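Structures for review follow.
The following pair of complexes shares a single chain, chain A, combined with chain B in the former and chain C in the latter.
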Partner chain A sequence: MSGPRSLSLPRGARVRAGPGGRPLAVDGQPVAHVRESWLVEDRWWTSQPLRRRYWELISERGRDIVVFHDLIDGRWFRQR
Partner chain B sequence: MVACVLIPRFELVVAAGGHEALAGRPVAIAPHRGGGQGAIGEASGAAQAFGVRSGMALGEALARCPDLELLPDDPMAVAAAWELTLRTLEGIGAGVEPQRPGLACFTLDGLRSLHGGGDELVLAAARRALDRPARLAAAPTRFCALAAASTSRPRRTPIIRGDARAHLAPLPVALLRSRERTAPLVATLERLGIATLGELAAMARGSLSDRFGPPGVEAHGLACGEDDPPRPRRVEMPLRESLELPEAAGGPALERALDVLIDRLLARPERRGRTLRAATLAARLIDGGSWSCNVTFREALGGRERMRLALAPRLQGLPSPARVLALAAERFGPPTGEQRALLDQTGEQRRAALREAIAQMRSAAGADAALRVHCLQLDSRVPERRVMLTPFES
Partner chain C sequence: MDQPIAMTPQYTELHCHSAYSFLDGTSLPEELVAAALELGHTALALTDHDGVYGSMEFAHSARALGLRPIHGAELSLSDGRHLTLLVESERGWRNLCQLLTAAHAGTRERPREPTPPSVSLDDVRAHSEGLVCLTGCAERGVHDEPGVRALREAFGTERLRVELQRPFLDGDRARNGALAALAARLRLRCVATGDVHAHTSARVPLQDAFVAARHHLTLESSEPQRRPNGSHVLASPAAMAARFADHPAAVAESAALAERLDFDLTGDLGYRYPGVEDRTAQRRLAELCGELLHDRYSGVALSEARARLESELAVIETLSLAGFFLLHHEILELSREVALEVRGRDSPRALLPPGRGRGSSVSSIVCYLTGLSHIDPLAGGLSMGRFLNPELTSLPDIDIDFPRDIREVLIRRVHERYGHDRAALVATFPSFRTRGAIRELGKALGLPPGEIERVARGADSFSRAIDREVSSALGRRAQGSRWEWLERLAREALGLPRHISQHPGGMIVSTRPLIDCCPVLPAAMEGRQLVQWDKDSCADAGFLKIDLLGLGMLSAVERTVELIAIKRGERIDLSRIPFDDPETFSAIQRAETTGVFQVESRAQMQSLRRTRPENLAELAIQVAIIRPGPIQGGAVNPYIERRQRLREDHAYEPPCLHPSLAGVLRETLGTIIFQDQVLEVAQAFAGFGPGEADGLRRAMSRKRASVAIERYRRRFIEGAAAHVGASEQLAQRVWEMVAGFAGFGFPKAHSAAFGLLAYQSTWLRVHYGPEFLCALLNEQPMGFYPPDSLAHEAQRRGIELRRVDINASLAECSVENGGAIRIGLGYVRGVHAEEVAALVSAREECGGFSSVAELAARVPAARPSLEQLAWSGACDSIAGQRRRALWELGVSIPSRRVKGGAQLALALDSGTAPSLRELGRWETLLADYATTSVTLEDHALAILRPRLDGVSTSIELGTLRHGAPVSVAGLVVARQRPETASGVVFMLIEDELGCVNLIVPPAIYERRRHIVRAEPLILARGRLERPPAGGGTINVLVREIRTLDEELADTVAAPLGHLPERREEPAAGSGFRAVAPPVQSFASGRRR
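Moving on to the complex of A and B:
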């Protein structure tokens, strides 16, 4: 191990979103239910601000998935 | 003097339900738990007349005797009948050493005055008490007594006095099959042309040690009339619990039944707080016959969880669904079990042991084998800022 490393790092995800940015499918798995959604805005006072819209979802296979939409660069990520 | 009690085909007689059921019928136990799936156990005299032998492959036995009837193995019934037999012998005052179901020995010293003063009278008392066909003999050693009982005619009670070596000399080396350690030597000895125990005794012990190792030395000692004295078993009240299962149980239901049996066994007042060193798990099977498994614990146990860990995997060996599950204590340990140190290691000793363990793990699995989780901001809304992995520095 070269040095300290963070846990729960975001991993890129393929998300098909519907109206209002609501995810309809994550990595090809259809979403059955949205449990919760929240907005995280942090470090807006620095040159590397962070703006994420988090979604906690239940897939049709019953898996609990947490994804977020990076509102700065527009990409989607999974996170645990 | 040592007396030997030999009840031929004990397991087969019990499985068949009595001697009368075997009369004139070619019957054998199959499959036998000790001989693998394809081997037969004890065979009746009628089956032996066709050339069927214990340990023979089932296919070969059926080829020799197409009318051979097969009986399922019933270790539970055998154990119960054998326990009854041993208690009968102990009832005449004998300190009995059981060797296998159907074979036991005891020393005659100390019994003569109880039964009228002679070896013959003690053996007669044993025969009366057994009240079943059995071969009895007495000789200076256990092996010699077994040899005399094996080769005697029914209803005769030979008593060998004097030199055991002289009595053993004309007998075949096949008698060494009665001992687990010397049994594998028999085929080789016969191939080498050593047919009798006398020929074996005439050989140099060093040569046998070179060729066969410790079993060769033991075989030579037996042929020369040397043997250990009987080691009588400790007589204890049997501690056994059984549970009738409502239906053909398996998997979790069987494990639950095992839990109940362990709890019941540990709660028995006769245990008197003692730990268990060995136990027997047994089952009566739904399709007839029974199954049993002896489990010797690595250390004496008195707790339910560890006992369950040791016993539960054995349930996988059940050949078919069980109708009755039973658990019996075989040997006891000390009342408190092994005392473990609670605070005997100082902090520095424990840290040194941990450092050594980490070093060994890293040498085996690489630098990432031991890492430490550092909590940074556990309440952060951004998950990757909550915890971090760092190298473990002990």
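Moving on to the complex of A and C:
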């Protein structure tokens, strides 16, 4: 057994975004619907500030996907 | 060609917090107004939490800049939910005020632990008329169907909107969807709002830090309480429309609703002061003054006084102010009753008036006759223009000073007389200053407490250069992002209101319930209440503010008179003492004024030796001269030089810039010292009318009025050419004299009133030294010097002071037979007043204490209190010395507190104490400062003197020549850095023989800032300055400053051997620093 392990760590994602940053496709899967979008801005007083725009999406195949756009380095991640 | 149709979306922000949502909102109302205009808004609502503290400020700045203000508040319900209320009509404003009053009514049931304000839904229902209700914010709004239905019953569909917000949280869409569906079911419209907490995204970090500070948490630990992102910043209508793209109707509704909300707070709120509409007032005032005229004046003075009275009454009639004067008179009569009650019928204090006028009102003969002033304006040559003129546009100010005890009761009595719904105190809003901001925000940032404290203590009160404070305190650049953030946050917080507090004495009374005009809330002190507006907002609302101020010196003077009667059997009427007493004036001229009113400070003393006032008129000038106005106007040195020349040569004619000024500036030898002279110069030289001249004075006393001032300047120069034919060059020179005065200065009438009290207190000091000192010691904190310095100065002039003693001291300091002063038991810190009272009454009932064991057995006091008493030396008379007293206390059996009193212990024999070493001189000093903050034994410098090589005493300085190099050392008594002195710091240090003035140039200050600001024992090297025109004043211009610690460390070895007590080597530093007496330190009053 290895030690404790973090669950659902974000992993990089390929996202094609449209106007207003709205994802149109995630890892090649077209997005059918946006369920919610939220914004996290925190830890600005530390050396690792956090600015993320989250999107909860439904793919055309009917999957619920959560991705976030790191607004500091511009990369996209998939949370689930 | 067709104009393109503007596609600007219609949105009005209806939910917006300013910094008057304390520790939540981060922008001043005017910042919000400016930002709103810039973003393209045409209207804006201000909805602070449970208050309208900033509403008047908001209304005026919005009107001035061209934005339409909408008023409201976010109201807390008793179940913790929030409603947004907006005012539609005058009735709605009244209801909002009543609701907010109700919300705060129960918040001070336990004065020390205020509870948060809230109202019930029933209250809201009862006060819904004229208000529009939004269902509240995303997090804590009313979102359930029964709740919204209840609101619909109260407000109807026309005045209730379901509030939609989009704070960019997970769940926004679901919530807004559900709310929109609920609205549709209940046939209600939705409205979009932004829950704004900042006018710019630059304030978002400060908002986070405020939330952390409000919850006493760090930023890290306050994550659940903080907003998760920066979406609460005021946004443009277009951005808000985009944010609510799913709910366009709710966006449009915000603008449509705003159209309806046109209540104007700057209109008449219906406030009237009692008596304003009394048709008989003018006649009654004239009769009252007429009757008293003959008591006060006779002969030639009578006809002169009658003429003055008639002209004043005519102005009062023109301005319809008779009721205003009668109201003040009525309150003064009320204070007479209070005074009788507080002082007792037969008290020697009964000869004193209950209060005294201050400020410009002292120039009025109506005030003099009605008792509102104690200065005869004719004898004092006081003109009434500054106080009262036919062109006056706002109510004049009548300020009255009272002894503290009378004022306490009077404020309560005014509440009772006019009704709790019709009388309240004015609020103030203490704002963030550098030190507080560093402390509070530093804590939120999780910085090390020790380092925060070092930075905070070293910081200048109003400094904006916080990075410098950090680098100076910590000896490095503010490295690390948190220190940089502290810099930025503290800078942004400066000037934002921090909380509500009560004005020192301003009261509002009203004919109709005040809560119809402004919310009222209970103050921390029982029986008092506050309106939610500060003095400027109250003035803007047309409220009459009556100032009932507490003046420590009046209390001290009353105590002195009482003590003299008790001790010497003499009844003194201070209004009938000789006002030309040579001994008193001689003391003033020698600057022997420690402890007296106004002319006791370091700067005043230096100036006294040069001006050498010879009568009350000159003393009044003296009181006014050490003020920013005369200093910046360049009046001080010319006045002093001319005064000195005039003393030498009676025929000397002081120069005057223009013959038209000769009259108005004669008394002050051609300089502007009094505020009224600004008005008089403007009238005599530039032909201003009285109203215009007063407008100039007001513009000068306001902060950002440069545009207005420039307009006045042009008018002044043109006026001078037309009125007296002055050249532009000359007019400009006179203008500079006037403009230089722009800072704060005293009106002549005020100076006369204060000068009189300065004289009276000096007279008491000269003729009744022990009683006066005793009164000062009992009225602390007051004045410039801490009790320790007052005691030492008194000892130097032969007044005996005796240490605190459980068998001799009363609770307060007392004058013992033979004129010695006994320090009171109340001076021992950490001993509660009830314990002191119990000790004194135990002694009075069954005689003194013969042992420490007996003390412990008979007096129900906590062990730490008894230990403090023992350590203070109060038991020395029975135990011989302090260590022994402590030992005896340790083996004694204390009395026990039981219900309804104390169960006293049997005094058992505690056996023989071991041999304990007596306290050395330095240890005694530390123990004294640690317990009473006063030492009557050896001065610190007397103990350290043998180890200080080549350091002159304060007496020796008198024998040195001007310019001689010199070293001095002492205990710091005051540190000052006047804004007028361009960075120079003045310090007053005390050694065993007297005081020394130090002048610390900016460069030295910057280099040794933390020594200058915080060290109690210092050594300074520099040059002696005794200018020929200084009247004997001696200063040391500092070249080098260090702590005595550093100095003693360098001179180790040799002198140590000579010390009588080798074992307790005085380390001047840390031990002393912890207990050093609090002194006047920069702008922050007395602190350690």
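Throughout what follows, the second predicted complex is superposed on the first by the 76 of 80 C-alpha atoms of A that agree within 3 Å, B and C clash if a C-alpha of one lies under 4 Å from a C-alpha of the other, contacts with A are read in each partner's own complex, and residues count from 1 in each chain.
We take it that contacts are C-beta pairs under 8 Å (C-beta built on N, C-alpha and C of every residue); 3 or more make two chains touch, one makes a residue touch a chain.
A quick note: this is a predicted structure, and the numbers were derived from the prediction, not measured.
Novice: Clash or fit: what happens to chain B and chain C when chain A is overlaid?
Specialist: Pair status: fit.
Novice: What is the value, to the nearest 10 degrees, of the angle subtended at the Cα centroid of chain A by the Cα centroids of chain B and chain C?
Specialist: Placing chain A at the corner, the angle measures out to 130 degrees.
Novice: Now for A:Q79: first (chain B), second (chain C), both, or neither, which partner does it touch?
Specialist: Only chain B is touched by A:Q79; chain C is not.
Novice: Between chain B (first) and chain C (second), which does A:E56 come into contact with in this model arrangement: first, second, both, or neither?
Specialist: Second partner only, chain C.
Novice: Just to be sure I read the superposition right, which of the two partners does A:R35 touch: chain B = first, chain C = second, or both, or neither?
Specialist: It touches chain C, and chain B stays clear.
Novice: According to the stated criteria, A:W44 is in contact with first (chain B), second (chain C), both, or neither; which is it?
Specialist: The second partner, chain C, only.
Novice: Contacts for A:P10 in the overlay, against chain B (first) and chain C (second): which applies, first, second, both or neither?
Specialist: In the superposed model, A:P10 contacts chain B only, not chain C.
Novice: Closest Cα approach between chain B and chain C after superposing, in Å?
Specialist: Superposition on chain A places chain B and chain C at a least C-alpha distance of 8 Å.
Novice: Following superposition on chain A, which residues of chain A contact chain B and also contact chain C?
Specialist: 40, 42
Novice: For a test of understanding, state which residues of chain C touch chain A in their complex under the given definition.
Specialist: It comes out as residues 168-174, 204-205, 208, 219, 223, 226, 228-231, 242, 445, 481-482, 485.
Novice: Mind listing the chain A positions that touch chain C in their complex?
Specialist: Where chain A meets chain C, its residues are 20, 35-42, 44-47, 54, 56.
Novice: Under the touch definition given earlier, write down the residues of chain B that touch chain A in their complex.
Specialist: 367-368, 371, 373-374, 381-391
Novice: In their complex, what parts of chain A are in touch with chain B?
Specialist: 1, 3-10, 40, 42, 50, 52, 79-80
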